[in-house]
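Each chain gets a letter, A, B, C and D, in the order it is written, and its residues are counted from 1.
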């Protein structure tokens, strides 16, 4: 398992380098200008100077190598500095966003909490409700519960979040006034009152995203359970006189979870990618909103860094999913 | 026929139906048989003859839906297993009646250790503590001839060869010292040399433990070597039932005769051409009103198409056949 | 080993298939850089001939390499080494185009008729597929050929437009055979063609294969683990154990008096459908399992389970040699020099344990 | 009776005056939402409206503009003019005197050195200052004494109210930005995210593209202001969500720039929680005519350059006919509702600079047809006019934007009616306005016959704006397509008038000249075809008082005067 992990990590390095180059190249080729959102009243000479100040006068490959150095060398040094109070990275130029003129990583760290709270919570809630639904749907296949579950997950899967999101805002924020329509990212939970406010503002975005996640995962769970319910070992368990809860929740569930856990693990990077649409709808302003505004503003360092981190996470969680598979399924032994 | 008092298991008029999209399939039709203490009853028949379904029906191991045990009575230790509570049934399964299934590759749960799967019935039915169960589990593995039993309890099923896995299955079935062991084609998936090992093991265990065994197989060779009594099934019915030597020496049913003729031997004279039973076994969409074998039977006459023959005792003791044709006289029986 | 030394089916018979020292090794990779750490020796140097019009039975237990051998003979795998000549032409090293041209003469019937038939194609399409690939028949000619083939294997012409799932196992195997026959092959590898079928159906399929052989002069390599069926269909029989042929002999001789201890054990393990014989029979029960083909024992492959094992067996690999006219075996017991020089020490080690069940450690 | 009326009047006036008497921070918290989120609080590094407006609550210039476009003092007691001697008679210097006792929000005194530093900061060659144009033509900025700042211009400057005036050129604190000159400017994240200013509020937390938390500046010059103690300035989402948050749910007090369909706004207003405010400035949606030939058959480098005059748009009659065919009132109704009004002027405001040109407001399809006939364009078999074998076919481009595409469709229909073939094209805004010299699709390259966009000018003086149309500002390959004379209009008489405007200091004369220049581009030549004077529509809750929409400075120009209606 260890050599397997090491080997996968080693092969990930060239993969990620290629990915980073491809992302950089694509962004470079994409039309657009980081100064396009500046008003037309800014004269061309001033624009030119602003471009130079952004480093845009450098050729493509120099900017790419600089970014590589900043990402893989300076930013880690900077992290070490801030953790241990050293000064390795002093005077070195970090990756700076063109929109904010601030280090990209500072902004990402700032955005991470609300994304984790809302998108992560939605994922967690989605998984937690998906698993029992999937189990019961499969165990009682074609029952009314299963039919309703199938219908709801079809809705959850096919209706886009910008529709369900706005619908929820109109119903619960505008008409009923139960929840705020705009997420307050500065709210700090210090007491019961602020906790209630935090919960209130999370309810709608979490519900919308959780419905979407749960729809997907409950279908996986159901399919996987159905596969396993017909296996011979289930009959063996029953023939041993095991009760139905033991048969279903021990024997079948453990096997059914193997593919589902990997699907869940593979979905984790999407949390970090944020939920672009849902974040926009509820003004959560997490990583998804950061990415989309950076794309609109042609903030190449930000877009490049975010997409690359996303790529790293995907590669990483693919590996984690594989390792989990190996851990859960004794038949799989890497090496 | 011997009365129930001397039988450990007494089955009367069992009738099982599968509900499928194309209608009801009558898989088991009025099957009656009994099992004496310590005896090995061989059950022979082609796939679809109802031999496995009969045994699964006894202890409610068929998935329902689609299966439905419609009629009959299964007397075991003074109780009718078809009318008792689910709890009682579970206390019988795996404790008083053990099961061994055909495919040892799929009949063990791949994600639990062999030790876990062996301990389960011990802890449930015999109330053993985990450590006591572990000790007993090691003894059981030892009993079925698995070397280094204590260490191997921690292994997963895939770490065993096919023959070893079938030994594990037998150990699980024997865990609680059952009165009856039902073995459903336990050697079909194994190689002949491994089959020989298992047959040897079963002979040995019978001597040691003295339980009654129902051995389902399609291999008349295996039956000849191991069974005390044989029941031949066809079309969900018992075609013929006799002590093993009587059956091979003096088969009374045309189907039994055909079956015996079909099989090639490794010893003795080699037939130039294999005998075949033309046609296909029937799928019964209605309760059979005629002899199910009539369509393929060289002896069939008009009565066979009108009436389903009852089981008729023949000359030798304990031999009966469900056929209107008498080979001894070369004429229809007078019943 | 000289060609002339191999057993003949008859004085006038011509060799159709000649396999020499065929090896099929699958590499095992492991470690950080996926280096090659060993290989699974699925087929490890087998040699045999098949004469025109005969059936060579290839028997052995699961995992012994018999199916791999059958596929390698048709070049469905790239053999590691060795030579395969079919009708005088070398195919082990033949190029893609040469191979394609030869494909019609050699065909295969698979074990699982369910899995080897495309469920979305009609029977006519399945049988006609090789015709599309290798011939340029008109539509009408093709249909006529399909009907002819269906008649030949005993399938009702009216079912030509049905899909495989509408057929029973035996009928599906007939479809598979019809497909194999479509291009008038001379040589067919039957890879466990009856293993998935019921006894009564097995007999039907075996009879069909025999009839077709008679009618069309086919040559079969019949791979099976069912010794009684092989006894029925084969003219000569090769027994494989752990990637090697341990014994090759004419059918009757082999069944009457097996030479190799493995063949003896194998035959003794087959139950006879006669309680009286079963009662009297002395069985040779082999201990333990077959060793892994990735790590075969030193010396004779069978030395770990052989009831007649001698010290020499654990060191020296026995040669595959003709010990009687037409009978080949790879066993030191039939090596005159070893039996003579070794004398006492060559006596079998543990005959007493051979017919006892291993009751644990 | 009289007494009673008087008393009531006194009470009423007391009530009216109440907010002014309120003490600082008494009204608690106010929530502002901008659907475009501010990314930086230093307007010298980004001239995006969201950034300039949000920072204007913190940073101030020496003076600003009120809702009428008049210059009002902020950090000075009096705006310098020629009359009061603050501006020299030859228009080459302006001298500002800071009010006494001014403090930065950190409590340190504001001095003339801060102004000098700000000038250096923005004019540093490596700084990439977004507001560099505000400091154009300045020879020096000197600190005469601690409170006196003297700006000397290279040449007479009739409009000296650019540097340090308005939200786009505020004063930076020297102490805070001292190490942020030139290339170091972007690295001063802390300063750029939390500048120390003289405005009514100061930053407590800034999350770029998300939210700004502010509190009242304890050192603000008016001790009674601001009325609000804290501010949440939220960014992000879309105009509809912002409007909803103010007008429907009441979560926010002020929403900026509701670019929404008129009926959507009406629907939100029905909830009764807030109201809209509208203001008109100088932003004009217009069609620009290409005076040069954009034909793709021309070699690259000659396409859309002065080397080849446009084959038919050079004829004024064609341009005029195209203008006459447009129904501007209908465009306004469809695209902007109350947030727009039809105009024929390139400079529609301030009032004193706006020409009385209204000739274009009525659509005249027949007149347009007649004009084209007169010009020799006759209708062909397919309804398209031809002349000398040339088809009257126009490529009409603009940026991708729902309203613009609606306009394109309507105008195409009208032009088709008068026998003009129209091909439409829309280009992503970031490309169209991106200015990439390598791209064929920028508005500067103008590889089309006509194009549509909106533009405006900073502040109240149209001189630099009108000066964009001189011959020497024509974009072309020689200047890397950088030039503001998009139409490639070239009239020596126009250039002469611009020169004259640059030497005129008297306001009335300047206004007259500006009107003439405006007319030369519009009704005299139809080179620029104005369509809509686009106003701004913002919304505030019923409980927010003191909101006055200002299009000459930032919308938040008087945020110090905002209060909670009790």
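Rule of thumb we're sticking to: a residue touches a chain if its C-beta (ideal position, glycine included) is under 8 Å from a C-beta of that chain, and two chains touch if they have at least 3 such contacts.
Just so you know, these numbers come straight off a predicted model, no measurement behind them.
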Checklist entry - Of all the chains, which has the CA centre nearest the overall CA centre? => result A
Checklist entry - Is the C-beta contact count larger for A-B or for A-C? => result A-B
Checklist entry - How many angstrom between the C-alpha centroids of chain C and chain A? => result 54
Checklist entry - Where the CA atoms of chain C average out and where those of chain D average out, how many Å apart are those spots? => result 88
Item to check | Whole-Å separation of chain centres (CA-atom averages), chain A against chain D | outcome: 39
Checklist outcome for this item: Contacts with two or more other chains occur in chain A at residues none
Next on the checklist: Please output the residue numbers of chain B that touch at least 2 other chains, ranges allowed.
Outcome noted: none
Item to check | Touching pairs - complete list by chain label | outcome: A-B, A-C, A-D, B-C
Checklist entry - Residues of chain A touching chain C in their complex? => result 3, 6-7, 10, 335
Next on the checklist: With touch defined as at the start, can you tell me which chain B residues reach chain A in the complex?
Outcome noted: 59, 61, 63, 90-95, 98-99, 101, 103, 106-112, 117, 120-121, 124-125, 156, 158, 169, 172-173
Checklist entry - Can you list the residues on chain A that touch chain D in the complex? => result 31-33, 35-54, 93, 96-97, 99-103, 106-107, 110-111, 169, 173-174, 177, 180-182, 184-186, 280-281, 283, 285, 289-290, 293, 296-298
Checklist outcome for this item: Within their complex, chain D touches chain A through residues 33, 37, 39-40, 42, 45-49, 125-133, 183, 185-187, 189, 192-193, 205, 207-211, 213, 232, 234-238, 241, 244-245, 248-249, 251-252, 271, 428-431, 433-436, 439, 441, 453, 455-458, 482-484
Item to check | Footprint of chain B on chain A - complex, ascending | outcome: 230-233, 235-243, 246, 251, 254-255, 258, 328-331
